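The two complexes that follow have chain A in common; it is paired with chain B in the first and with chain C in the second.
Here is the complex of A and B:
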């Protein structure tokens, strides 16, 4: 009887840890610090508006809603339509970048000698600011029907590629060797089995965070790329606002929307990551 | 004879880690390998598992000299579970590689999880399990493949005292029931005397076998018994402590 009790006791103490992990809160009520920050921000803003430095939050808000729902009269486009163009470019460019970054990252992470071979080229290309490729792109794509579009794709590609590529190479290289040995002792003798059943699944969280930072850099690049040569994306919109006499409120609205979209994309990837790799301690 | 280790030497970069290791394990034997840290205990285990090759000498499993040893189960320190697989999927890993049908796999996995007293934890990921439970999954993952020899590298070293005692007790129960051949590395003499029929004591570098102490006491053992402590003292004196 007493032995039974001891067994029970230890079992249940082992359980506790398991249960608490189960319920991951996805949408949390913001902390009071966050509420305080919003309030303080509004207060400072109102004060500055009173001094005549900036437009008041109320007017700013009205203009924002106006842009969102009715749109900019100059272009007859709503803020979301303008954003949509940029997001489209981003998703195509970054999508291509991720496809290549993940596949080549796995290859170079796995084959060390290939990595040493390619290292020179990568190390030189990595520090080049993606925007520096704009003139190269215009020359390259001059014959195509929509050169501006392809240039922007190229710039986003360059921005999104390296963060994702680096993360993939690194995560593949840092696969826990003990886990590989564990697979070997369980009968995974072929390299193909090790790659498919150990290295790739263990690389998933690393690749997801690579995608996250790649998307972030890509988003920064698209704004810059749109300053030069315009399809009517958010970057082009900001630049045209400046050229049309610097409508400060609209410029700020557009810039803050860029920040907001970037933030949302980041959150979405984190959420997706949690879904895909539930096993990982994010 | 399940395992025969004959005159095995191992050098790393010219430095001799193991020297003239000779011993054998009979079927159903529960042996412990102990000795000072850095004495090459883990190296010897890795040699037997075929993860590394000896500099000289032979290691013979069930009469076969081949280096690839699918009939050996290796339980790593802290378990080395695949974090992206649930407990059940971890246990099924070896079966899948052996091409066993899904239905049979499910049955065998369940049986193995029951055996290590983890019924109902199939869907838990390693991060959701405690250290002791992870070791149990690691053990089940190996047991399910029905290996001829189970090697365990300091399996309970990272567990707290209570979990450790409990898992040792369950280990003995399991051994009495299935009678697998086990070789376990531990630096805990108490654990060695509690678990095994034979303690192989290694010296410090280069590791050589000092003595093989066989223990005939009945299982399960009582740690406070006089005979238990006499063996403990003998092993400790071999280690010069």
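Here is the complex of A and C:
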């Protein structure tokens, strides 16, 4: 049975190259259902705008282009520049988290006893919402020159670490025994060989999906963390807009851009994953 | 293989458009590098950050400016009065929801009495002591701060109009009085600044200095807001200490609750959430939220004019507002009187503000 499962995951080599680009959602011509959804959405939106509930799509689009090209008059920065600060924090925090999560995940996935030992700590820390670490961070980093920056890094780290860590541990633990046996049959004798040449490559797709969910959670956390005491970034911008008042469209634009950036990041990671693990059926 | 190249090209093309869109504005801003960077933080942290050199200057309300100068970390670069002469600062605002003429008259009376108390030279020592108690600062700082603050019982109409016009120009105000159904700015400001109480109180007090308005209904619960450690809001503290609130039937811990806030924007949030009946706050945030969010409040009395300043680090090379080009300045928050002052100062020197 498991023999068949593996076969399904492996594709013939001539398909692999083209496939890796062809099935990227963002580059595909949208299906007619998608067009219909967009049109229906616009219709409902326009209807609501007519009733005076929300700004009309035209004004919304105008404001969006304005924010993108000219920028916000109060911040004197464009939307992408504001977003850049948040992305920077996200990449630093999540980068650190992934480095630690993947390495420790492989260790704990491979050495079962180590896993049983650390399990208590991980099980307790994992369900803690990352934003709950904010006060702890401010106490810890109070002496540093820019405590807010480090608190944000820490919150993103906490958010990005566990999804990636869990995925790594799980994927290493669930390496198919058949491929390990096959490697042994083909002459792999040392544990090191098995780990480096069998388990690690087979774990790559799992790790990448861990990175995807880690980035997603980290991105959510940074917006929340910036509401508290941050001076820059898209979260702080949204909060400032709210405090200035009367800027509902801009707030919605900023929120939707957060969603859009999250979506793009997800697509980029999938894209990279396809390039790295071509054998896997994505 | 050909297909892959096309996809790749498309992706690169999309990325190029994105970077072009942001890149254009990037260049624009690096070309005209005449910007003052601002950060938002509370006045207490400004003092610490100026000391460590994290910021080059700050704009705050008294007595924080004076404290920084007296402690030897900062020096006055410009008083707010030099940037916008006689600009209104703090006001006493009240919610417009109910028929509360009695409450408005009573609170305005306590405010006028307290301001007269402050401006009476004979009370100088007592006032300084009250100020030290209220703000928690030492005598030197408080005395210095008093030199830069003018207590007045009502703000100037024209100056408020200038507020309105400049805040529309710099993009903080997105709504206009017209969009709320007012005929023009003048009509709006006449209604927003309601001087009938202060006018009446002044005539009554001129006839009889011991005049007290009718005590308000004892069952009425009043929550009165103010900003923590803001010397501008000293009239509130003095009215409480000198028994003016008791004279109009407001007893602390019974039907009067005093509530401190971090800044004017926080006060306006409380107004919006219906947690406040009346509050002392800056004119700029009051105007901002009155228009942008249509929070139904209006001013029944003034508190002070001027009383903010740009304070630069003592040993820095900054000699004028022009020298702040490319430097970082802290403000208490967007929409505050201090952010208005910094914006005006920047515009007068052909600079622009940019978030950092």
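The definition used in the following text is that the second predicted complex is superposed on the first by the 255 of 282 C-alpha atoms of A that agree within 3 Å, B and C clash if a C-alpha of one lies under 4 Å from a C-alpha of the other, contacts with A are read in each partner's own complex, and residues count from 1 in each chain.
Keep in mind that, in the parts below, a residue touches a chain if its C-beta (ideal position, glycine included) is under 8 Å from a C-beta of that chain, and two chains touch if they have at least 3 such contacts.
Model, not experiment: these values are computed from the prediction.
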item: Touched partner set for A:124, first chain B, second chain C, both or neither; value: neither
item: Partner chain in contact with A:231 - chain B first, chain C second, else both or neither; value: second
item: Touching partner for A:70 - first (chain B), second (chain C), both, neither; value: second
item: Partner chain(s) touched by A:51 [first = chain B, second = chain C, both, neither]; value: neither
item: Chain B and chain C contact sites that coincide on chain A, given as residue numbers; value: 17-18, 21-22
item: Touching residues on chain A, where the partner in the complex is chain C; value: 17-18, 21-22, 24, 27, 68-78, 80-82, 145-146, 231-232, 237, 240, 243-247
item: Of all residues in chain C, those that touch chain A in their complex; value: 1, 3-4, 7-8, 10-11, 18, 21-22, 24-26, 29, 35, 39-41, 52, 54, 170-175, 265, 268-269, 288-289, 291-293, 333-335, 352-356
item: Interfacial residue positions of chain A with respect to chain B in the complex; value: 6-7, 10-11, 14, 17-18, 21-22, 176, 178-179, 181-189, 193, 197-198, 201-202, 204, 277-281
item: Residues on chain B engaged by chain A in the complex (per definition of touch); value: 49, 51, 68, 70, 72-74, 76-77, 80-86, 93-94, 97-98, 117, 121, 124-130, 132-133, 141-142, 145, 162-163, 166
